[in-house]
Amino acid sequence: MTQIHVSTKINGDAVEFLCEPNETLLDVLRDRLDLTGAKEGCGTGDCGACSVTVDGRLVCSCLMLGAEAEGREVTTIEGMADGEVLHPLQQKFLEHAALQCGICTPGILVAAKALLERNPDPTETETRYWLAGNLCRCTGYDKVIRAVMDAAAQMRGA
Amino acid sequence: MALDDKHEAEGRVFKIVGTRPIRPDGIDKVTGRARFGADMSAPGMLVGLILRSPHAHARIRSINIAKAEALPGVKAVVTRADFGNVSDDDLRDILHNVMAHDKALYDGHAVAAVAATSTSAARQALKLIEVDYEVLPHVIDVDEAMQPDAPVLHEGRSDETVPAGMSANIMHRFEYGHGDVEAGLAAADEVIERSFKTAATHQGYIEPHACLASMGPDGQADLWCCTQGHYMVRNTCAGILGMEVSQLKVTASEIGGGFGGKTTVFLEPVALALARKSGRPVKMVMSREEVFRASGPTSSTSIDVKIGMKRDGTITAGWAELRYQGGAFPGSPVQFGAMSCFAAYDLANVQAIGWDVVANRPKQIAYRAPGAPMGAYAVESVVDELCGKLGLDRLEVRLKNASRDGTKAAYGPRFGRIGLTAVLEAAKAHPHYTAPLGPNQGRGVACGFWFNFGGDTCVSLNVNPDGTVGVSEGNPDIGGSRAAMTMMAAEELGIPYERVRTTIADTSALGQNDVTDGSRVTFAVGLATIKAARAAITIMCARAAKIWGIDADAVVWEDGHAKPAGPNAGKFPPMSLAEIAAVATNTGGPIAGHHEVNAEGAGVSFAAHLVDAEVDPETGAVKILRYTVFQDAGKAVHPAYVEGQFQGGAVQGIGWALNEEYIYGADGRLQNPGFLDYRIPVASDLPMIDTVIIEVANPGHPYGVRGVGETSIVPPLAAVANAVSAAAGVRLTELPMSPPKVLHAIDAARG
Amino acid sequence: MRYEAPRTLESAVSLLAGEPGSAQILAGGTDLLVRLRTGIGEPDLIVDIKRIDGISAITAENGGWRVGAAVSGAEMGEHDGLKADWPGVVEATELIGSTQIQGRATMAGNLCNASPAADSVPAMVAANAVARVIGPNGTREVAVGDIATGPGKTSLAKGEIVESIFLPARAARSGDAYLRFIPRTEMDIAVVGVGVSLTLDASGTCTAARVSLGAVAATVLLVEEAAATLIGSPVDEAALERLAAACSAAAKPIDDKRGTIEFRTKVAGVLAKRAATIALERAKG
Amino acid sequence: MVRVAIWGSLRAATGGRAEVEVEAANLRELLDRLAEAYPGIQPQIDRGVSVVIDGLVYNDSWFTPVRPDSEVVLLPRIVGG
């Protein structure tokens, strides 16, 4: 297959890559750009482990072609902390023990950040529904939800 | 240890154990830096893919790989012929599971594999492999597989415990118990007998199996993989491939969930075989569909239970017959179901019989307290129904009949120190138990039990020149165990948590370690960590003694310092660990402690779960309103991760109870191999999961630790079933209680 | 496989019409990429329509709303005007998949995927929505109910694109609603779906109604007998019971991994009552 | 003599006896004496056993001491997930 040249911006940096037309954005991130923070849990948009934002919109990178990223701005988990300073969500996930194995954590953090950017004061129910597309098999979600709510409170106070 | 002995940790004031520090691997995992199974790559790496049987049961007449091998980019194709013969029965079953021999035994069974320079070339190559199948009749359901005329998977594998004349699909019969069940039932005022069925479920870890293998022409090999036990992977792969164990170094990646499902091998021997044949590193990653079709789900089961009770709530007898199909090879966990199902009760008359059965499904692998949740579901459902029928309080009845210290367990031994009554008393005193319920709502309670396990364990602890400490252990960290080990090492050494770093060593660095299973890690690795720290302390005290010119036994270790034992030992200022470490070179060389042990003395644990559920009587939909877990942890080293284990187990059990199931078509093919239709709970399905940690010290561990990982999945199937049955007004006897089944039961009960 | 992202409808149509092999339109891609992944028929050409001018717009038209083919569910949910007029349609679209899916999935894609269980389609059918189809032979307006002809099959000819969907102007005292049954609270395919749209007169009597069912037949059903039970009634308990009976009678489901005939038949009626109640409340304002 | 409780399905090998007595000072001797006295137990010992001594579970640690008054129960090997 002829490869496609794509120019995009990832975590604020201009990035160019070549990809096959049937390659997903997730494949490109992981296999071509070595950004392995986004995980493939299902490849069918059912688990959310590959969550990234594209032009600010939360998407599953397994359900988007790499070629579609042309001219877009992509952010991944690798772009979440500001240098050495963790995002409040990252810090609260650590404090609340909101991860056990950690495989779903990057996707949940990216999704939670997208939530708080739209809704700085979500209810527990809103948080649970927003994150319904991010499967976590370890925690039963309890500590995840608490961490997101606590981060939201801290960010509102800041 | 006698029951009235004081535990060594009793009265000890812990400084670090029992607190909630941030896990050492935390920042890697919130920043995307942590490397999981599929996150590794190697120069010149090939992509490995597996061709899988589309048939539930078929004889493989021939496999032609010529066209696939000729495809540009294809560097190796392997079939069963590329593996040698293995004499050990268990290893041979594992080999036959990772690569089919003369028959494909289930939909998804591997029959060949390719390694190619790209995913697309590998995919294309799979299509070019020609397999000539003779399709055979198949059997999926456990009761059908036990019929004498059922299609047979393996001839001649039944062992000496199976009576003659039964189906060759029955591999083993187990029986436990004591007393006279018939006499016990005759003495009862009420006897209820019920039959139950549970569907096969999957552990549902979010990370698919993945590995990266390389092997040189000298036979030395490296393997990177996500597993619950890299020593097991090493030993198993070496056995299957005819390698010396020392030639294979296995490094465990970070692991994205396992719950028992990563306690065996699937891809690893195949990746090594492809690497051997191609001379190139080979990476293999399962798709989610492959995980469902061809890793190890649980048994589906069929269980009969009969229990007799007196009007005062005394259980006079318990009897159960459990039938578990364990997939295509022997070894379902029915024995654990039979052993554990009555464990919560002190019974004079009890019998449990288990049948291990094979069927045309993927070979089951451990799932959190393997075999126990299904047996507990059946028994706790009948106990609940008896309580209802006799108008008795469900927790009072459980307390009245509860196993206590010294009770002769239904599976044989007398219990040592156990925490069941403490767990039940805590549940009874909790406001949840008496909170009001609304219309169409019901409350369920159930008990659960798990044995817990110890096993082979090695820990090395090195005191660094700057006074920091490195701990090396050999068990993959599936839920925060590095934090727990770090805490226990720091506690023993008397230094801050931040000065200890725990690493999961590769297989070349330590001796044999059993798999991360059986809730053994905090218990067994913790025990070895404490003993390794104590060994290092002995050396550090001896070094201080040398410096002071006094006897080593005149030095004690307190708060991270060596001190003279008393006024008679001499007057010397205490030396800190860092001070002793700084001069280690001058006092005899580097300081380390290590401990290698087959850890014995694991303590059993009990839990009770309380759950409120609401049923929509018009649709059969179930909503979990409130959930509280009570469990004996022995000692909670890091309470936040103990709570996490309680919560995670409860929610997996909720999924099992309500919506998770393997659905097969008439053709024997799995119909729902994805997270869309294999429905694990999502965040919006659930309330917060409240937890109460009970601590009844395990005499077998220096701090009293019992395992906590598994017991939490035992009660929820029954607890949710009891709540839903109460809310729906009709007893539900089949899992999952999916809405069509609940609605059907409600409508049938209402005529 | 080739990937093209044309800037105009004309070039999209000519790419699709001119492809000698198989071609697929990519809008949100949430169904198409799953099919690519599972290896079920990778097409020779994918035409990404998201870069076509105006195709991602929601525009007011004749008192109603025209929703471009590339408008995502999330964008519909953020459009106050659309939500005020057609809350049921917007909610139905927002029920498709997770938040992540909402960032990509489109109503037009949901329609053209032609699943009988598509969430937005019963709501669109109840709304009497019209798809604008542009192809090599020009433009045609097609009732949304006529797009799907069976599971995975559409009446679209080679080279045709659903360019937008028009939701008509709302009469006073109108309301719509869509409800589906799923085993979990999210992330499932509808086991049964019901769309209801109705209009009341000043006295509260129903003067017009459309009722549709999803996942109970090979295509989404418009159930006129069910609508008839509401028209002329105050949408009271008796009318709702008749509605439920009509919907259950109209349902012709199958047994499959997601539900049984018995279950779908009964729940079609139950959900119809509940959806009509919501639509009624909305019509009353 | 140490009394050993035998789980149900192994009783076929002990002539139906739920409890047998053997002379043993540690776990290895206990298993050896059992297999000598009741050869039908050998296949299960080969498959793996756990031995509960006074309420604690032991796996294959040969030299675990067994006292004459110990309560010993033989079980299939316990593992987990």
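The letters A, B, C and D name the chains in turn, as written, and every chain counts its residues from 1.
Following the convention adopted for this analysis, contacts are C-beta pairs under 8 Å (C-beta built on N, C-alpha and C of every residue); 3 or more make two chains touch, one makes a residue touch a chain.
Small disclaimer: the values here were computed from a predicted structure and weren't measured.
**Q** Quick one: name the chains whose C-beta contact count is the highest of any pair.
**A** Greatest count of contact pairs is found between chains A-B.
**Q** Measuring centre to centre with CA averages, how many angstrom lie between subunit A and subunit D?
**A** 54
**Q** How far is the middle of subunit B from the middle of subunit D, if each middle is the mean of its Cα atoms, in Å?
**A** 26
**Q** Subunit A to subunit B: how many Å between their CA centres?
**A** Comparing mean C-alpha positions, subunit B is 29 Å from subunit A.
**Q** Using mean CA coordinates as chain centres, what's the gap between subunit B and subunit C in Å?
**A** That pair's centroid distance is 44 Å.
**Q** Counting only residues that touch at least two other chains, what does the list for subunit D look like?
**A** none
**Q** Out of subunit B, which residues touch more than one other chain, so two or more?
**A** In subunit B, residues 203, 258-259, 675-676, 681-682, 684 touch at least two other chains, as defined above.
**Q** Subunit C: which residues touch two or more other chains?
**A** 38, 185-187 - these are the residues of subunit C that touch more than one other chain.
**Q** For each chain, which other chains does it touch, given as pairs?
**A** Here the touching chain pairs work out to A-B, A-C, B-C, B-D.
**Q** For the complex, give me every residue of subunit A touching subunit B.
**A** 1, 20, 22, 30-31, 34-44, 46-47, 49, 76-78, 80-81, 86, 90, 93-97, 99-106, 109, 124-125, 127-129, 131-146
**Q** Show me the residue ranges of subunit B that touch subunit A in the complex, using the header's touch definition.
**A** Against subunit A, subunit B makes touches at 20, 22-23, 25-36, 38-39, 41, 120, 203-208, 254-259, 285, 287-288, 478-480, 638, 640-641, 643-645, 647-652, 674-676, 680-684, 686, 688-689.
**Q** Which bits of subunit B are touching subunit D when the two form their complex?
**A** Answer in residue numbers: 159-161, 173-178, 203, 258-261, 263, 335-336, 339, 351, 353, 365-370, 411-416, 450-455, 517-520, 598, 600-602, 699-700, 707, 709-710.
**Q** In the complex formed with subunit B, which residues of subunit C make contact?
**A** 38-39, 181, 183-189, 191, 257-260, 262-263, 266-267, 270-271
**Q** Report the residues of subunit C in contact with subunit A in the complex, numbered from low to high.
**A** 1-3, 5, 26, 29-30, 33-34, 36-38, 42, 46, 48, 50, 72, 74, 97-101, 103-104, 185-187
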